[in-house]
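Read the structure below first, then the notes.
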């Protein structure tokens, strides 16, 4: 399974790009994959093909009216079918031994 | 104000690096800055000096026993004193018009 | 056209991952796309589908013996068919007005 | 020693940000540290403090007229005083066993 965290935005569309991020989130939510939006990107969980297909659909959603698009992607693949989008955070919280902001207990 | 999202981990310490991430989270939580842990990194909010000082302290916390360390950082600076670690997510959720995973309503 | 810069490496294979990077470079060179290896990654130029297919083939080349793989990707899409893998660097060098390390004149 | 690869650009300044990249390269070249400009960023080599100080000076160079700035940073720390900005590339090229684009022989 793959956790893919990405941030995609147009250049040349001014300082505020939230409408374009919203368009991507429509695509992500429609994918059926598990995801988490956070302040610096969105994490999607699935197989390699699935998560990269979501990134590509976001790109296709922006391309019609965006002549330049930047994207930054972090990928963490781990063999097996274990889902980790919540468990990674909880495991760190357990190791620290008290609630963390963003953790399961917060 | 700056939002800095980063992921730091040692190489050569095996596949599971959660104990090192936990060590970083101790440093981050002790900084007094607002932060959010997520499955692919941690976002810290503050002035440029403050957020980069936290990254450096995490590095110093790993260095004694880690001979190779990788780090990936995404920075979003916006002029002014407005805090955005929660508002960016809520703004996207408002634009989409329904609850998003990771959003304020979830 | 898309410039995609990426760094991919296994976790849990020790501190030195150059053999895995070399395996990826075999894949990249075989793709027929223009590319540049540098000390912190490799940049590949092509259409969106083409450059991401190369990243996926690198992943497939590592997967048989790597149970955890990290990857970081930076993407710069610009509408049109203009190739930029060399021209972006030269343009910056012209603006600075003297040779830069990594620039066309160095 | 640390290899730090980064890409910094303003948002809200239009599609073409080369003048801002050029301003950063002036700062980087003036630092005295070894560096390489490439089409998707610039890699700087030095101690942790030194390379992050360069990133901060680039930020300070853009801040007067840029109200929003994005930055993406990849860091590779390895214990010891060995410089790697050229040797990492050459080592991969040796492992592949033929010239690579961007490699020492190209």
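Here the chain labels run A, B, C and D in written order, and each chain numbers its own residues starting at 1.
Note that a residue touches a chain if its C-beta (ideal position, glycine included) is under 8 Å from a C-beta of that chain, and two chains touch if they have at least 3 such contacts.
Note that the coordinates shown come from a computational prediction; the quantities given were computed from them, not determined experimentally.
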For this session: Write down the chain pair in A-C, C-D or A-D that repeats the interface of A-B; the criterion is over half of the contact pairs matching by residue number.
Result: C-D
Problem set entry | Chain pair showing more contacts of the two, B-C and B-D | B-D
Problem set entry | Inter-centroid spacing, chain D versus chain B (mean Cα positions, whole Å) | 22
Problem set entry | Rounded Å distance, chain B centre to chain C centre (Cα mean) | 26
Problem set entry | Two or more partner chains touched - positions in chain B | 15, 67-68, 70, 72, 74, 76, 78
Exercise. Can you list the residues on chain B that touch chain D in the complex?
Worked result: 48-49, 52, 56, 59, 63, 67-79
Problem set entry | Residues of chain A that touch chain B when the two form their complex | 3, 5, 7, 15, 18-19, 21-22, 25-26, 29, 34-43, 72, 74, 76, 78, 84-86, 88-89, 91-93, 95-96, 100-103
Exercise. Which residues of chain C touch chain B in the complex?
Worked result: 9, 11-12, 14-17, 67-68, 70, 72
